[in-house]
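Alright, structures below, take your time with them.
Here chain A shows up in two complexes: once beside chain B, once beside chain C.
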Partner chain A sequence: MSVWVYGEQKSELGLEGTITRKIEEDLYEVFIGPQHPGSGHMRIIIRIDGDIIVEADPDMGYVHRTMEKLAEGREWIKNVPLFERMAIQDACNVTVSYIIALERILDIEPPPRAKYLRTLLCEINRIAAHLYGFGIFGVFIGHSTMYMWSFADREVMVELAERLTGARLTHSYPIPGGARKDIPQDFPQAARKAVRYFRRRLEEYRKIFLDNPVTRKRLEGVGIIPKKIAAELGVVGPVARASGIKYDARLAEPYDAYDEVEFEVPVFEEGDALARAWVKFEEIKQSLRIIEQAVDWLERHPREAPIHDRFWAKSPPLWKKVFEAEGRVKLLPLMANMKLPPGRAMARSETARGEIIYYVESDGKSTPYRVRIVSPSARNAIVFKYIAPGYKVMDLPTIYGSIDYFPPEADR
Partner chain B sequence: MDLAQARKIVEEALSGIEARVEEGRGFIEFIVSKENLVEAASRLKKAGFDHVKSLTVVDYKAEGKFKIVYYVSSYLNEDLAGVIVGIGTEVPRDNPKMPTLVYVWRSAEFQEREVFEFFGIDFEDHPDLRLLLLTPQVAEKRPLRKDFIVKEEPIIRTTPPTG
Partner chain C sequence: MPARPVVKRLPARRGLFAGFKGNVDAITIGLKYLVDPKRITLIYPNEYIKLDPGYRGFIVLEPKKCINCSSCARICPAAAMRMIRRMEEDPKTGKKKMKLWPVINYQRCIFCGYCVDVCPTEALYTVPYHDIVYENMAEMDWGLETFVKPPEYPTAKEGIPVKYIVDEEKGLVKVRAEEGEEE
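Here is the complex of A and B:
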């Protein structure tokens, strides 16, 4: 087992430019986390020379639950609530690709209405998760106003999700072949009001946080990831897009209604912490656009059961009655121990923190043979090891906050 | 770009290396021998597949082998970004050793550590093969192998309470 020496790893990656001074000896080892209020449920072991980080070793796994193994013992549909626990405020984004993988094995496509409903919830979740990220980021760098504001405003989106699904978090909303509930009658008005509110509010966020001279001093030029290095390290989501990589799973392989709605993917070239904050900020604006379009579409088109006919045709009369009265698709009994034909599928979706990938293998039973999950934070963890060295200890919370690392999702 | 076009590109890149092609839904994978893996991976990288999305291992206990597949795609080439291509190999269950691909794709580093602890697969020449998520006590049991069985604890009581 060899230990990385400072300088060596960077030159291998062509990163010499970021080294600030030569390291000799007398290094301190500092354990940041897991009990540190800033670091969440993970530990970063850093070695410092004076104030400069020489080596960083992310030590993950404090909230690990072996979801991949647990999934092998559960029926297909019961895995949805399990996987949601990775990122509860981002529940629809995290599970929708698992559902898409199942749909690929079943060889079905959800009806258009279900696609729009899922897209709507995905974007509501994305805004909620970005605001959560902003809040944590704010408090990391000592900007507690941002923390208070974004956690308060997140409530608007959580409330909207509750109106749509009945649950504030962990909605378990997408199911194979569709979605579980249609929008309530008064939803479009509420959604438009929220969008109007956020457009006004984002301007205030920009003034107090992104364009604040104190914040900019802390963020600008910190944790720079050049484009080539970003591709080499395989970072995802806002981290990649802040480094000039135009990659978004919604563009690369459009799922649900993303090939029908109009949106842009914000890309920044700087690659520093400030650019990563800006990407998230601009993404919220794009999500608002998508929410408007999805709500318009849902309002224009007649209400019908948002689930594939293959399941809906077989459902008992009570289920249809419930749908007519409440707009709710009661979970179909045949889904509880549904058997999937043997096959293998992969699907990806863009969560707030980046792309999540599921590999699903079925051997014809009612439980999966293998489910492999690669979550965005797990792929971004490598940033600590290769990017943090060379910066000051004070910059570590900035780097941590800017990549929006989320331990439960990374550990799975 | 669709999977058929991607297949052509990869087959061209891998010319001269014997590979078994398997198609799944949403991806395509090429299984080569352990000896050829590093060479095949380097050629894929040259063809533009610049990062590893997922390192997936499946334990086929009945056949006595692990299938290890690196699912790769591209960031810098926007055409290739739409497809997921797998390059992998099979190793016997009783002696799971294989060369590391960290020097080809740095993005595989943490995922190889993960596979090492969950399946006990030894990546030769990996620069930093340590446990990532598990404690040594749990990692010893190789939790993702099929012979590790999770017993579910009953939630509902089936017998009436006594006393």
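Here is the complex of A and C:
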């Protein structure tokens, strides 16, 4: 492949650093982002011929925060609030696999109650993140009703998460060996009400958004990713499942309580923007089922501290008193600079946008030697490059919204 | 394994009048909420949310319980909590002694609540509010004198306390905080 710099062969100019392509004569180059409201903190450079995209370059990295490097300078538990900043609507889902990796190095298994509590928060977060995605998707394609509705209904899930953890968004909920708080007494009742509300409400969502002929016209047949291409590009999450790939981290490697609760993983085969919207829609229904089961389980079983005995058995009586009074799990001061045994572990979890993978390596110190994060949005961004060409400029927001791309998560 | 993948199909467009039915459905729903809107807007600061006691708001120190152990400063992920040295007179012996006390910088605090959970004597507690405005950045860096008493909450003096409760019909419903207590 010849590399062009300002219309000249790179080798002739002797430039090594800059690499650009020769711009064809009749093509317009359009920069979408990084501060365009329709693209989030990310730039997509598209080249258009008339109204048709012929080339698209996702230019990631605008909100890169060197999270992997920052993690190397912080103690193990302090990385949880850091990694939450990748996707704050999805805080528990993105951090739970880091915690699972730490538990694998420590060789401990959290008690079942902690597993169910984490699963409960994960599913609350998943619904909130999907509704957030729907809201952005709706306003991208000019359907501002959907934006208002889903952001208002997301508030129900945020409210539940607040009652469970004490914070609206950045919960910092999972800790090595367990979870930080038990459910309040009136939580199951509120959760069941919310589930029943959402079951009814989703039917209205279907009528006003998914089955609305105006929306359907915009979404149907746009951004089709065939199954084979989806596998080759390595997309994950709802994008892969909309193309007929039966893959979900909860299915492939059940973590926490996912091997005990009953749910379906919806798969569609069409692979277009509408199928991706439907995958998310069906996933909300399944998350509601999981919330119900988790709440039932938590209510049936006795309230005991949702943390591994290693951090609880030798704790002073005050710890038990606080747990009984407030349901709050106090941490031992050793948590602050806990040393992990040397070793390495990998863990994955399914966030709302797809599978997140953590590779954690410890050399026996109180800080990680290396934390490698592979986030779902980073894997899905490739869709812009290979799928967007061939569609109209008008379809770019549809493709962007349907893959639910989230720049802070991709850039890390 | 209880979880299983299920292949689903997109709902087909049903015949000639599919588009018509879809439009009517959408417009009917729209009209329904035009007549009977579902509003959860908080008229801030005339109203303010009375949060549950478990909410992780501003952190306050109880100096009588504090054993000056520095655990809170060590676990703080944002380096908001730090220890300061103070010369203090021991009430028993009357000798002057160096003591460490935690202070907090609310420019940095992320309200994760680790310090409250790690404190071995429960000397730190959270107050259920966090909407306090400061005139300048320096005021947010609390000294020990500010840290030992709950911050003033001016919104509570002017506004009506409200609470959001989860409702089966309407999702979230805004009620007066006193009524919300009985829920």
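Just so we're on the same page, the second predicted complex is superposed on the first by the 387 of 412 C-alpha atoms of A that agree within 3 Å, B and C clash if a C-alpha of one lies under 4 Å from a C-alpha of the other, contacts with A are read in each partner's own complex, and residues count from 1 in each chain.
Keep this in mind: a contact is a pair of C-beta atoms (placed from the backbone, for glycine too) under 8 Å apart; a residue touches a chain by one contact, two chains touch by 3 or more.
Just so we're clear, the structure is a prediction, and the values are computed from it rather than from any experiment.
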| item | value |
| --- | --- |
| Chain C versus chain B on the shared chain A, clash or fit after superposition | fit |
| Touching partner for A:268 - first (chain B), second (chain C), both, neither | second |
| Of chain C and chain B, partner touching more chain A residues | C |
| First (chain B), second (chain C), both or neither touched by A:357 | first |
| First, second, both or neither for A:392, with chain B first and chain C second | neither |
| Chain B versus chain C as contact partner of A:320, first or second or both or neither | neither |
| Which of chain B and chain C A:233 touches, first, second, both or neither | first |
| Touched partner set for A:329, first chain B, second chain C, both or neither | second |
| Contacts of A:246 with chain B and chain C, given as first, second, both or neither | both |
| Chain C versus chain B - closest C-alpha approach in the superposed model, Å | 5 |
| Footprint overlap on chain A, where chain B in one structure and chain C in the other make contact | 246 |
| Chain A residues within the chain B interface of the complex | 1-4, 13, 60-61, 64, 66, 68-70, 72-73, 101, 104-105, 227-228, 230-234, 240, 245-247, 252-253, 343-348, 355, 357, 359, 361, 369-370, 372, 374, 378-379, 381-382, 386, 411 |
| Parts of chain A lying in touch with chain C, wherever the complex brings them together | 74-75, 77-82, 145, 152-153, 155-156, 159-160, 162-163, 166-167, 170, 172, 180-181, 184, 186, 190-191, 193-194, 196-197, 201, 204, 207-208, 211-214, 216, 244, 246, 248, 250-251, 254, 258-270, 274-275, 278, 282, 316, 318, 322, 326-333, 335-337 |
| Residues of chain B touching chain A in the complex | 24-27, 50-54, 56-59, 71, 73, 75-76, 78, 81-82, 84, 105-107, 109-111, 118, 127-135, 143-144, 148, 150, 152 |
| Contact set on chain C toward chain A in their complex | 1-11, 13, 18-19, 22-23, 25-26, 28-30, 38, 40, 52, 54-56, 69, 71, 74-75, 77-78, 110-114, 117-122, 126, 164-172, 183 |
